[in-house]
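After the structure tokens below, expect a handful of questions from me.
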Amino acid sequence: MKTSNSYTTIAYLFLAPALILMGVLTFWPVGYNTYLAFQDYSIADGSSTWNNFANFKYIAHEELFWNALKNSALYLLIVPVIQLAALIVAKMVNNKLPGMTLFRALFYIPVITSISIAGVVWANVYKYDGVLTWLLQSLGLLHDQVNWLGEPSIALYMLMIFTFWKGIGYYMVLYLAGLQAIPSEVEEAAILDGANAFQRFWKITVPMVKPTILLCTLLSTIAAIKVYLEVIVLTKGQADTYTALFYVYDQAFRNYNFGRAAAAGVVVTLICVVLAAIQFRLFGDDKK
Amino acid sequence: MASVTLKNIQKTYGKDVQVIKGVDLEIKNGEFVVFVGPSGCGKSTLLRMIAGLEDITSGDLMIGDTIANDIHASKRGIAMVFQSYALYPHMSVYDNMAFSLKLSGESKEDIDRRVQRAANILQITHLLERKPKALSGGQRQRVAIGRAIVREPEVFLFDEPLSNLDAALRLNMRVELSKLHNDLKTTMIYVTHDQVEAMTLADRIVVLNAGVIQQVGSPLELYEHPSNLFVAGFLGSPKMNLLEAQLVSLEADAAVVRLPKGITVRAAVNANAGKVGDKVTLGIRPEHVQLKLEGEEGVPARIDLIEHLGDIVLAYVEVAGVNEILCVKLPGNHPELKRGASVRLVFPEKSTLVFNEQGLAFKRTC
Amino acid sequence: MALGKTARTVIGRTLHYAGLVLFAIFTAFPFIWALSVGLSQDASNIWIFPRAFWPTDPSFGWFIRVFHEMPFMTYLGNSALMSFWTVVGVTVVSVLAGYPLARLKFAGRNFIFVAIIATMMLPSEVALVPNFITMKHLGLLNTMTGAILPNIAGAFGIFLMRQAFEAVPQDLIDAARVDGATELQIMWRIMVPVCAPSIAALAIFTLVNEWNDYLWPSIVLNSKEKLPLAVGVFNDLTGPFATSTSLVMAAIVMTIIPVLIFFAFTQRYFVSGLDGAVK
């Protein structure tokens, strides 16, 4: 009998649309971007010429680019914060008490809001006479009005709060899926053994959702390194808020220096690959 | 209707994992044959090879008079009932049953007639519009069987169809399957790991182990005359008592074996193929062991545990010098039996079996 | 003792709900404020907190003005059209690609799967420049096709569909095969209907993502009448049009409302859809 499930032709026919589209719009750009990184690209006639690493030499000495890298690295601070918060929130809504569906929905709404639209609201929240100033003043923590997005020392952290607000619902849902896979007997057994809520969280919940924690950490690390939409919609890079990918975007679509943007993009890609490799090593170790 | 013939069928995965090691079998037209064996013995693989869902590595499969090795599953004239029922969850019961007929381009009237007839046989006419998830386990089972019936196949294949049902339903469906076979008189091949199903349903049982047929025969034949230790141990509940022993003398139609501590037992078997001094295994079914509270006859023993099951009593008995605990099955009620009591066991000569060192049975002489 | 236990439960519950409410305020306050500002005909209180969280002289005046100040319906139509075609494209491409990756044996399967998954790790933003140039060569700049094409084939959708197809029990496929279905019939008549919940989840995720997509459309599209909501409203709100905060907030509320309505009807898929992606 002819093997019932060996269908190489059909398989490639089915895969063709995906492979063609991804080939042209996902894989080709990686190669072309690398090529561009070594070129002077003229946007007027589309010609490009080899420039002997000039793009890399330039960004290697540019303070703006180094600052952008530093800011992107700083942005990683958000990873542990958002992960822990998302897990706690997921744990709090993962029960049969009334109203939980509503709370889950409320926490998820920022995720489904367009980042550009949400950014406009938050820009107003961060105004010198906005909600944040009022809140801190009424708590007695602040005296003067502060332009939160205009101060180089704090603007980046304001972006992080926005990222936190926008992203926590997403990770909450991922953790919910992980938590719902834990049989409730385990928790009940721990209650019978006399563990209090905190002990149960750290000794039962956290170890049992470890695979989800690793997955979410990987996702949010990559996301943090890739942050730039927040910058575009909130500060446009002012007040020392350049991030690595914002630099790429800025060079490409404000300075129209495609070669320099490509060179910076290659650097970011390499960083992503290294980070992913490190985290995959962690994943792999966990499986053993 | 058709016969099914397997000639030296083999199945190998990859280079050297052989799961079916040369099976020869003839299944007659209209026969109900049960493949039974422990999990991993190859019984399901064998069935799936007959169905056309697994490639046959070598050997010939004949359904009727044609070699079916290269025929597509749907063209072999077979229908299959799966363990998980495999009902299409998005189709109504009617559409589930009609699916194969629609695919083969039958006329609407024809499809309707055949589905209604099958639904009638299985008494599921009132369920035809429902989706599978609105059915109970037993109803799903019927639909799965109905889906097989509408195809009017020459051979029915069942892959552990009752194992997802609870005990009471399983009993019901077993009876109904027997009736169905009586009514349809179609060849049926049935795979199970449950020896009760095998004993009750089969015209002939095929016992498989590790990809090799151990024995083929009618249920009683296998029960009374197991050809080897595996079949002897596999069929029957509780299991046959198997004791290590030594052959001490050979007669024309009996053999004498010695258990440890010098106890001797006579067995009505022809052990001439063996010789005195051989290591053998003595086998006797729990219901054949006689348990006596008094007298000098038999082997001295002590009761280790008593299980009262209402209709029968199971006594687990320890014989000095014998490692295995023996099980004795006694009909009725025996409140007088107590743990620790001294008793005597008698192994009737005519019910005692002997297996040689390779595990093969010596022929019984009665 | 019994009383003590009840009291502890009550305190525990209260703290639990207090925490949830506080967090809900954190996630929802920007929307509440935006809604209140949009509804306030009188804008004098919108920067006075906490008074600003309650509308002053409520009316729909600002909302009506949005239609006059910006081509809101044009943006809405563009968003709807772009989202629709993206959902169709993503669903078809992902189903087609996911099926062989999950169920057919062919040379190169593992390599292709790993290559597709690996793209999830790469910063896709690096593709902005090359794709811009590609679109220029294809003559697709400032067209809807150019704006949605890069979103059609994505690792997430293919991965999700592969997981869904892989979870279909083998027995079901065998049953269809015995029933005489060809490989194509198995796919269209068994696999796709059985995986309908996952396909729905993918469609919903895609719809929300495309509806909210900002950057790529803002790069590719430059005529105002072709812009989707997320781009058009943002440009108008932050550009010279942005004269009045009240108008801005009214526009924002109107942009978010379609997504919220959609979310209310499809909420359960958001959890169940991601469920499949995690396992």
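So that you can tell them apart, the chains are marked A, B and C in the order they are listed, and the count of residues begins at 1 in each.
Here, a contact is a pair of C-beta atoms (placed from the backbone, for glycine too) under 8 Å apart; a residue touches a chain by one contact, two chains touch by 3 or more.
Here the structure is a predicted model, which is why all the values come from computation and not from measurement.
Asker: If you count the contact pairs for each chain pair, which pair has the most?
Answerer: A-C
Asker: Could you work out which chain's C-alpha centre is the most distant one from the centre of subunit B?
Answerer: It is A.
Asker: Measuring centre to centre with CA averages, how many angstrom lie between subunit A and subunit B?
Answerer: Between these chains, centre-to-centre, one finds 59 Å.
Asker: Using Cα averages as centroids, what's the distance between subunit B and subunit C in whole Å?
Answerer: Taking the mean C-alpha position of each chain, the two centres sit 56 Å apart.
Asker: Indicate the whole-number Å distance between the mean C-alpha point of subunit A and the mean C-alpha point of subunit C.
Answerer: From the centre of subunit A to the centre of subunit C is 16 Å.
Asker: Give the residues of subunit A that touch two or more other chains, as numbers and ranges in rising order.
Answerer: Residues 3-4 of subunit A each touch two or more of the other chains.
Asker: What are the residues of subunit C that contact at least two other chains?
Answerer: 177
Asker: Going by the contact rule already set, what residues in subunit B reach two or more other chains?
Answerer: 52-53, 73
Asker: For subunit A, which residues are in contact with subunit C within the complex?
Answerer: Interface residues on the subunit A side: 3-8, 10-12, 14-15, 17-19, 21-22, 24-30, 32-33, 36, 46, 89, 92-93, 97, 99, 101, 103-110, 112-122, 124-125, 129-131, 134-135, 138, 165, 168-169, 173-174, 176-178, 180-181, 197, 212, 215, 222, 225-226, 228-229, 232-233, 245, 248-249, 252-253, 258, 261-262, 265-266, 268-269, 272-273, 276.
Asker: Applying the document's contact rule, which stretches of subunit C touch subunit A when the two form their complex?
Answerer: Those residues of subunit C that touch subunit A are 12-13, 16-17, 19-20, 23-24, 26-31, 33-34, 47, 49-50, 92-94, 96-97, 99-101, 103-107, 109, 112, 115-116, 119, 121-134, 136-137, 149-150, 152-153, 158, 177, 183-184, 208, 211-215, 219, 229-231, 233-234, 237-238, 245, 248-249, 252, 255-256, 259-260, 263-264, 267, 270-271, 274-275, 278-279.
Asker: Given the complex with subunit B, which residues does subunit C contribute to the contact?
Answerer: Against subunit B, the touching part of subunit C is residues 169, 171-172, 174-181, 185, 189-190, 193-194, 196.
Asker: Quick check on the complex: what are the subunit B residues that touch subunit C?
Answerer: By the definition above, subunit B touches subunit C via 48, 51-53, 73-75, 78-80, 82-86, 88-91, 99-100, 103-104, 147, 151.
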